[in-house]
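Okay, so subunit A shows up in both of these, paired with subunit B first and subunit C after.
Up next is the complex of A and B:
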């Protein structure tokens, strides 16, 4: 009996419970490092190189995840206000501002405390990463490395392993990774161990393979998990535990849970009326309520571009070669970050496929004030999707961090109207009306 | 004969419409919303019934709409004003493909199918610029009653440019133009053009397809109709009942329920 067929009702909800446990444990490690005065490796969700950094015993700090947690825990405004009082504009990335305030608070967060950076690894997947890294450089004088991962800037010209263009880019990325290693040795005082890297990469391969399978299993009707609420928990583990045995075990178990729920017909809603796709970044200041507003209309999110790009492309299920770990790591980074960038900027075709494969009823676009990188172009993307196919879609704006620009009443009105439109589509033709009213 | 009603509780005014099975309006009422939203809904519904000489029992189904729709406690269900304005506009002007609804605190651009189905919509976000409230601010700043804004604006010849996108700051800008010696008529024409431009931008986001129907309370302002025609390059549909379009749409949804329940009770009997 394989792991996808073992019957066990206790599996239900295990991913959420274990995800919360792993998150707490991760923060305990960070808090301990901060209290011992050890530095951490500051990394981002798109191209973290967690597999490599762990070989140097550097605790991984994900500033994006820390910041969004302040919003989920309803204290983001305190952090944002502090950064704005310090001179940061209301118009820039909320994640950056919450982190600035966190640094000014000596790393204190509701979940614990984070260590100061010993080094930061950025990629060019998000332009803000680079400017963010410069803030830490100014604050602490620590080395900031920006990996230049060649993107496509056109989904149509995507190349893959073995093709000349891809191989050129892979060598370029591999050279950058090799350049970092002496720096990491110096910062951490730990000698590079390629066998540890190979082991971590094997765990990351398992996580990628399972993450892809978990997403596929949500094609089941009803969907075993909400891509918006549950999915974000899984995503947290995908990032913070990348390259660990615990992460690999978690995702292996998650496949088992989703397969079980799918087989048993256990969905996230008592009645799944509409299957929805989500494009953009979640509304963390009212995270639970945001999902509820859709659930009230019978809508559940079956997949999202967020689960793609914020997993750094792990959704591709790409498994790195282990015979030459550094070349394999470069290949994996290139595939993952490229896919993440495509998921943000060139997703029309992917969404059409997702709409078909997940038997979806509509697409929700959620541009946010805080992140121009991911939001700019969403209106064009939506127009392109609607021109390509008769896909119902909703365009609602709020923010990932700043509750000052989140209006629940306005969101609710638009969401209700969207569901009314979906219901009208299903209304029997006999009830359609015509003709003009007369004034009496 | 069955009757259905729609009650549209807006931010400034509450409208109620009662229709019969042939979808003809038999009663309508319009009152200020005030602070007691539920009372406003009850009063508007009562007045609309009185206009149609109907008892409460004769109205089989009531749909509440507008921002206060959940306060229509006697209503049977709620539908958003987005769906209701689309539905009402298509009922009133069957060739409608785009609706612009201008109310007290928001403006909506809605693209509709021939069935009244909402294909797309867009609204002003977190800001009252380009809405009826903008006119209210100008009215207060210039000391001109709301019902005189339109006729005065149309007599303007050299409209000023209102550059601010904030309703609060617009009041300051209006006063600054007064300070520069500009005529009230020219300032008002500028205010109307500013609103029309913002509404046109909203409409472009959903795609402007003729015919365009203008709904909401601001339809009673003749200068708003004219400047909207000018900025859109099309003549918008307006009727005496445009202000009631949301309530009419709600009443049509109410009638759907009545007809659907008949079909359920007597299979084979279609809609009237």
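Up next is the complex of A and C:
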């Protein structure tokens, strides 16, 4: 029996293969909708309300994902230039600009075509979502709904279900969701069906539960997947298939694959020397090369804050109550989006715990020009982390879209130096430890 | 003068002085990065609530006897703050932290708002650097939700409890009503100041009008009221005559503030007949009712009777339409559209503004500024050329 026919062959890498397939299929649906002149529901990764929107048969368009795909496919600069020619500053979010250019190109993207918006739901998890929605409002005159999900007020005053401050916010979120439903009925021409919502929420519950488990399984040494490269594929499915049976099945299978790889000791690198945590947003203009620069030093990303916030808080594993779907959806949205915001604004303690739980060797901070939401506090958060514990870290700036601010050579130098530092930390003090490898 | 709650007068240098001297004092105070009025307030035993731009319900802090101070950066080098932030950020988030880190200003409670992606990070950043409480006031971002006023009323109540804990005293409904009364008078006086700008801008230089407004965020509101009560009649009775200057609206000063010298440079060739400088100080457009539940009335005023800015989405107030209204109501002939460097909401709004002004064929001048900029010559020449072109058009 060769490696191609062993029973595990179908299992290993299945998540990436199936993820790519689901992604292609999602885009085919969007292209078809665009060709038919149907409108889509424009949503964002932090609080998409996919469970609800699917009950109205609206194709879900994720402009963030579409924009990052232009960077991964090395054409982002064309889109950015077009938007800048239209008046948008070089100093604003590259995702927004790529989308503006996409709209000016009638939805044409390298992967296909997206429909125009029929409605947009913009949570406040990122303020740019709201400004972005205003652009569509002006372009198309379609309803733009800001779905306001109040976050925790400080690192020290977090509240959860059942606590008075959480419940005040939950009532506000629930009231907003109930206001959106008649609007969705009007836009889609489909009557709201609470049983369909309940079914979609059950799928999302499965997805949340499994996503949490997938992340936990990466505590295994060697790590079964790269939180940076593989994780981004999984995130794509987590967002575009939220609330679908296919999405739930995908993540159920992903748990199986990661558990298998963990048991069998199949890692993402042939030799995992250093286990790293990633904080920030990936460098999509050189996505593959960026990951390679760490892999070349033996570094594997075992987890990231990106896998938390860009999943809209699915990492919490929170499962919504289904007996009262609308109240359950409000509670789940508040828990998830709030967790996503905490992952960006108040993550020092979580990172320390992640560092311990994943037996990590270092933390890579990657603030980017395009995204102030994620990047504003990273330098300070790094200071706090270093003050709290002896954690090796690297702070490198670039961008998620704009290759003009990505210097590969400079990144490479910094990354190499970081690995040299890690190696020095590992090297046993001469003549003192008898050659045993130890961490200081 | 009505005394503020802790009986500390923080800004006395203007009393009994002629208008030119009053305006000198105001400009000096606005430009002073040592915040002497706040220091004097604290030396008198008072507590300070520092709130980041744009809007904050100062009445609640005032009712607790605290001094609400508008934190709007300063013209300082962010020597300490630079290491806490990334490269691609506006200046105000850095310099506001700087003045706290270097001890120029001391506060007992810091509050920021989800006005933009940078500002919402400040509760985390400040919280990691200081021992006093630092938090976000979640002003509703869905202003069109039917539940938003009720939510905001509850959020204000949460803030009231937090303030009570810091101030060490209870805030009763009557305390709030008294404070709302003080702020209602302040809003009326600021409306009068802006009426002067609109109707007889030759009476008050642009930088002086700005300074008269801006000191309001740095001193007890009772003092600001007394100052305006004394200054405005003197301004109104000045013998100055109109000059041949272009009437413009300045847009882009809602958060980070342009330096006084830049405002002065614009004022040399234009009359700034309306603007959005420190718009939070005049966010609420009318008196807040004194009967009923004060927190509910403050919440309703924020949502229902308020101005506009790039950091609030409200489908009833499309920003470009609001700008056109502002231009029309002020009788302006052009707009100066600015944005602070790296200010994402401001830069995004510039696109909508320019397109709307193009459609209406209203001339505009686009620029960026930074609070720490020191050279205005280039901008002044460009602006003069813009104005000359319009005059001879």
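What we mean here is this: the second predicted complex is superposed on the first by the 420 of 440 C-alpha atoms of A that agree within 3 Å, B and C clash if a C-alpha of one lies under 4 Å from a C-alpha of the other, contacts with A are read in each partner's own complex, and residues count from 1 in each chain.
One rule holds for everything that comes next: a residue touches a chain if its C-beta (ideal position, glycine included) is under 8 Å from a C-beta of that chain, and two chains touch if they have at least 3 such contacts.
This one's a predicted model, so the numbers in the text were calculated from it and none came from an experiment.
Visitor: For A:407, select first, second, both or neither according to whether it touches subunit B, subunit C, the two together, or no partner.
Guide: First partner only, subunit B.
Visitor: Let me test your reading of the model: by the given contact rule, A:175 touches which partner, first (subunit B), second (subunit C), both or neither?
Guide: Only subunit C is touched by A:175; subunit B is not.
Visitor: Counting residues of subunit A touched by each partner, does subunit B or subunit C come out ahead?
Guide: Counting contacted residues of subunit A, the larger count belongs to C.
Visitor: Tell me which partner A:425 touches in the superposition: subunit B (first), subunit C (second), both or neither.
Guide: A:425 contacts subunit B only, not subunit C.
Visitor: In the superposed arrangement, does A:379 touch subunit B (first), subunit C (second), both or neither?
Guide: Both: A:379 reaches subunit B and subunit C.
Visitor: Applying the touch criterion given at the start, work out whether A:397 contacts subunit B, subunit C, both or neither, answering first, second, both or neither.
Guide: Touch status of A:397: both partners.
Visitor: Figure out whether A:106 sits in contact with subunit B (first) or subunit C (second), or with both, or with neither.
Guide: neither
Visitor: For A:127, is the partner it touches subunit B (first), subunit C (second), both, or none of the two (neither)?
Guide: second
Visitor: After overlaying the two complexes on chain A, where does the subunit B footprint on subunit A coincide with the subunit C footprint?
Guide: 379, 397
Visitor: For subunit B, which residues count as touching subunit A in their complex?
Guide: Going by the criterion above, the answer is residues 19, 23-26, 67, 79-83, 87, 91-94, 115-123, 125-126, 205, 239-241, 248, 252, 255-256, 259-260, 263, 270-271.
Visitor: Would you tell me which residues of subunit C are touching subunit A in their complex?
Guide: Within the complex, subunit C touches subunit A at residues 83-89, 93, 114-118, 120-121, 123-125, 127-129, 133-138, 140-148, 150-151, 154-155, 158, 310-311, 313, 315, 318-320, 339, 341-342, 344-345, 347-352, 354-355.
Visitor: Quick one: which bits of subunit A touch subunit B in the complex? Just the residue numbers, please.
Guide: Of all residues in subunit A, those touching subunit B are 379, 386, 393, 395, 397, 405, 407, 409-410, 413-414, 416-417, 420-421, 424-425, 427-428, 430-440.
Visitor: Subunit C touches which residues of subunit A in the complex?
Guide: 86-89, 91-93, 96, 124, 126-128, 130-131, 133-135, 137-138, 144-148, 150-151, 153-157, 165, 168-169, 171-172, 175-176, 179, 344-346, 348, 367, 369, 371-373, 375-381, 383-384, 397
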